[in-house]
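Structures follow.
In what follows, chain A forms one complex with chain B and a second complex with chain C.
Coming up: the complex of A and B.
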């Protein structure tokens, strides 16, 4: 049932009913414009996750746009409720009822259409921002559909458009990283070249972990027997931290590793250096062959002496011995 | 569509307040006391049976514990609890062809005294009060666990409890809250006020309703018993490969959650049939109070989504006990399956928590604004939209997991769309506030705080529904 919202005519000697709608609209417009400008120009550059990589830049842009759209909604609702509880509170001694307004088709229709349009717009925006930057740093599973353009090679060279493949192996309670284009060498730190398309293959040896390089804008769950692919291109040099963001047991909170972003030449030097070192120490030969997933129960190198050389565990698990875990 | 028009078993006035069942002392009647005796006896029986069945597994001797015994102990313990409580008495009487003692238990005015709150009473008001006290106890326990978390976190260097215990406390807090609180409004307020608001003396299935409450008690006790076994490391979501790896406390988690799930299914089912069939003559659908609408929709959510959780808990339990491989990736199972099953329940679960709140505050604001609720149909449409759409959004908990990237735009769309009917709640409130006469009593202050809080929740949902922003 809907009825008109025109109130009854005010008493002859009362002041005319103030134009509540206009007041609210004026206040809302002013505050919204101010808030949107403040968000876009003052807050945007400081929003998480920063501009370290392509994915993180896109995510930061997304958050800023969403904030600019959300701010007028928040301001509208809060302003309305604040206005209502001040202007329309029951005065002392007033035992009367409010006007019996059961509905107003115009108001309802405006609200429904307005919110629908905002929501559909956000959907289109979100999809474009997801598809455009190759999945926006989110893990896409074993068969990714939004990929970075670049050349798939078995030997990565800097300067060209070769995609660098990095495998992230999560286990209780550490991340290690293997670089198949450098002989499958394994490292405990994640060093990456700048301005290069990077393809992460995230997998786990035991329970579900999640590879979360916050500054790079990458988050991909590590499931056992699953190869979860995520893409990014890092832009700025510097250090970053990797955390685990899926509860994986008692030392989940201690599963952090660090990484550095180097210029491509320096990265290649580092990677070939680690490869040579592991070759000479016999680690490379002892590691299981590079594969997209590992099953620790069937890896033949299980129990061999490859654990605990420079922290490498070779996809065999047992980062901690079978006794109680030691405080990291 | 039958509407209840006959007062059941109308009796001559002189017998109206005849006290029944008073010929035995309270400690000889079935109630909580006999329930506890039955539970203990059942636990021992189940544990013994479990040792018989599962004692030979390598896993049992390696871990020095037998999950089969624990789970069967819980199962038989719960059955013993219900038997001791007298839940099956009427059933057995009917099976033996005897007359039931009397439907008078539906009207607890026949059984004065506090004892009826500790028995399997069928009066919906008694069940409502039982739920109220139960929920207060469960909420208090969950809150105490939260205080333990906060105490541990007061200082980064001084540790009150060790890492294993902290993980246990976090899991217990989360599970106690999410699991037990899902009935916090449907239980006390739905059972007490639901029939009153539709003009009925009773609910459709009083025995199921009371059973729904009495199942929450063993669920609570079983969840707490995990503390005695070192807790569970998975937190309230119970993600799978870790849950199979975990020690005995995880059995308590899955069993308690499954039990609470059964309680929710029964309560929801009962509420649906009551609201459809037991409305007083003239109580048309377009006259139903907003709270009753919210109860009705929430009950559909419970009946349709909670069985999925019970299935997931059951599969996880057999993975842990009888060595099946539903969720073991290396043996052909899938950890993704657990995540999907859990969140297919998990998203309607949060609407089970929220929708009754929408109903309650819609009732409150119209009273304390001294105006009828603005947009009754819009409000109902909003709740119906939220209830329906809540089944279509669960993948937003799994955006980064690697499941089905091609489905992400679809789930982004549905998650964004569900904000539209949720917004109707605000539309209705804002319309009710227009030119009202607002009185700031305590319920109104709570309602205002609800709108403020839910605005934050709703707007942050806009950010989280966007996959790139969710990845950050």
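Coming up: the complex of A and C.
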């Protein structure tokens, strides 16, 4: 009889089965604590969209909280996956079946209760984070439920708690901004005062756009004939960029504008300066009266000479005659 | 079929699909730009003179009824049906636009204001079909497209903050005597001549320009067709090293 024919040693002499659960728990705890600390103290301060406004600050906090909650779950799954592959893999020559799998009430209950608590907790957390910062910088439609506290005024002044209204107008392919508290003046740049509640009214003159001031944590669809309201309070001075985030035509990707957050006094100087310039040049008189939405096919102020001519200017006060618009 | 052979077949099929996609993108989509000529403007005495015209129609065989811009070749003075041109960086760009098309109101009348030009103004002259100048060298910061028949199109480079309404012939001339054969000439046609200047940016690159008047007649809200096609009512300005 050769050595290879020697019967296996009795099970009683085999090395005891290690305590896999304890190993996994220890490893999971260690890695999870390390990951959560790294996320909170190293990653969180650098997470987008930053701390330019209260909306973006809340969004940064939300992402950090979600990452901290998700990290132990991801680590648990991957750790178990890796542990199973390494420890419970089939050894060379092992053709036998593994032990039968039976239900484990403790594991099942723990999983169901744990995931339910996480989901319900996230529901509460998400609701608080949506309501607290007045819609979290998202468009709330024409009748917002969660409003930013502040005073609605017809003439904004710095130093108080006046809400600054800014109308965002999308058109192919540029955003422009109207300031109704400054005579309805309009600008191609979005300048804002720091530490001031801002009420955006977002609309469009043609197709659907989306106003996305990324660093401000504000994003609201710009739909024609719709007034979409979003709130934020900007905090830090500096520049930011506005993008369109709704595919709106061939130059959607280039539909960007810039903005600057100024100290309130400097903002007022800028706004009144633009207002005065547009007043003196006749721009304010040329603009339509400020409204929450505009129908670009109807122009009440259209001069009589325009409607007399032929072509696509077909009806009184309208761009087009009764046959337009048409589908080519 | 072995595993290796199946893997090889899958890789070949995948590369084939990717190759077809790249070919379609480069050949068809890329050709829309590359077939257009680029007019190169070079500086003289630190300035460059760009000359454009906008017409109610064009001389193409595919879309003869589309409104369009033409660009003048500085060497031959020929009008090229393109909206691609290049200028040197950090140079004063003097633009002359001949407006042959009739008037159409802007969708957003805010763009009636001249923005981003040196001095914040444009200078407009208007002529009838007999060559009579009925508006002479009017310098203005605003051409109100809703007040009267006076704006045909606009020229805007949003990234540079340049927004300029482009003057048109007046109401009667727009209705009765517009140029009907492109590229238009100043002989026998009513037109407006508009001049303005702006500084090209220091940074080289491609800057898109477009018209903000919804002039795509026959398309939904006038906002498609020539409004969304390179070579017609939108273009690109290449800023190259001076």
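Keep this in mind: the second predicted complex is superposed on the first by the 288 of 328 C-alpha atoms of A that agree within 3 Å, B and C clash if a C-alpha of one lies under 4 Å from a C-alpha of the other, contacts with A are read in each partner's own complex, and residues count from 1 in each chain.
The working rule: contacts are C-beta pairs under 8 Å (C-beta built on N, C-alpha and C of every residue); 3 or more make two chains touch, one makes a residue touch a chain.
Being a predicted model, the structure only gives us computed values, none of them experimental.
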item: Touching partner for A:251 - first (chain B), second (chain C), both, neither; value: both
item: Touching partner for A:297 - first (chain B), second (chain C), both, neither; value: both
item: Which of chain B and chain C A:127 touches, first, second, both or neither; value: first
item: Partner chain(s) touched by A:169 [first = chain B, second = chain C, both, neither]; value: second
item: Partner chain in contact with A:225 - chain B first, chain C second, else both or neither; value: first
item: Touched chain A residues, chain B compared with chain C; value: B
item: Contacts of A:278 with chain B and chain C, given as first, second, both or neither; value: second
item: First, second, both or neither for A:289, with chain B first and chain C second; value: neither
item: Chain B versus chain C as contact partner of A:207, first or second or both or neither; value: both
item: Residues on chain A lying within both footprints (that of chain B and that of chain C); value: 206-207, 249-251, 297, 327
item: Of all residues in chain B, those that touch chain A in their complex; value: 163-164, 167, 233-235, 237, 239-242, 245, 329-330, 335-336, 369-372, 374-378, 399-406, 408-409, 412-413, 416-417, 419-420, 423-424, 426-427, 430-431, 433-440, 448, 451-452, 455, 459, 462-463, 465-472
item: For the chain A and chain C complex, residues of the former touching the latter; value: 169, 171-174, 176, 186, 188-189, 205-207, 249-251, 254, 256-257, 278, 281-283, 286-288, 296-297, 299, 301-303, 305-306, 308-313, 319-320, 324-328
item: Of chain A, residues touching chain B in the complex; value: 1, 5, 7, 20, 48-49, 55-56, 58-59, 62-63, 66-67, 69-70, 73-74, 77-78, 80-81, 84-85, 88-90, 94, 96-104, 107-108, 111-112, 115-116, 119-120, 122-123, 125-127, 129-131, 133, 135-142, 144-146, 202, 206-208, 210, 214, 217-221, 223-226, 228, 246-251, 295, 297, 327
item: Chain C to chain A touching residues, read off their complex; value: 102-105, 107-110, 112-113, 115, 141-142, 144, 146-149, 156, 158-159, 161, 163, 170-171, 174-175, 208, 210, 212, 214-215, 217-225, 227-229, 234
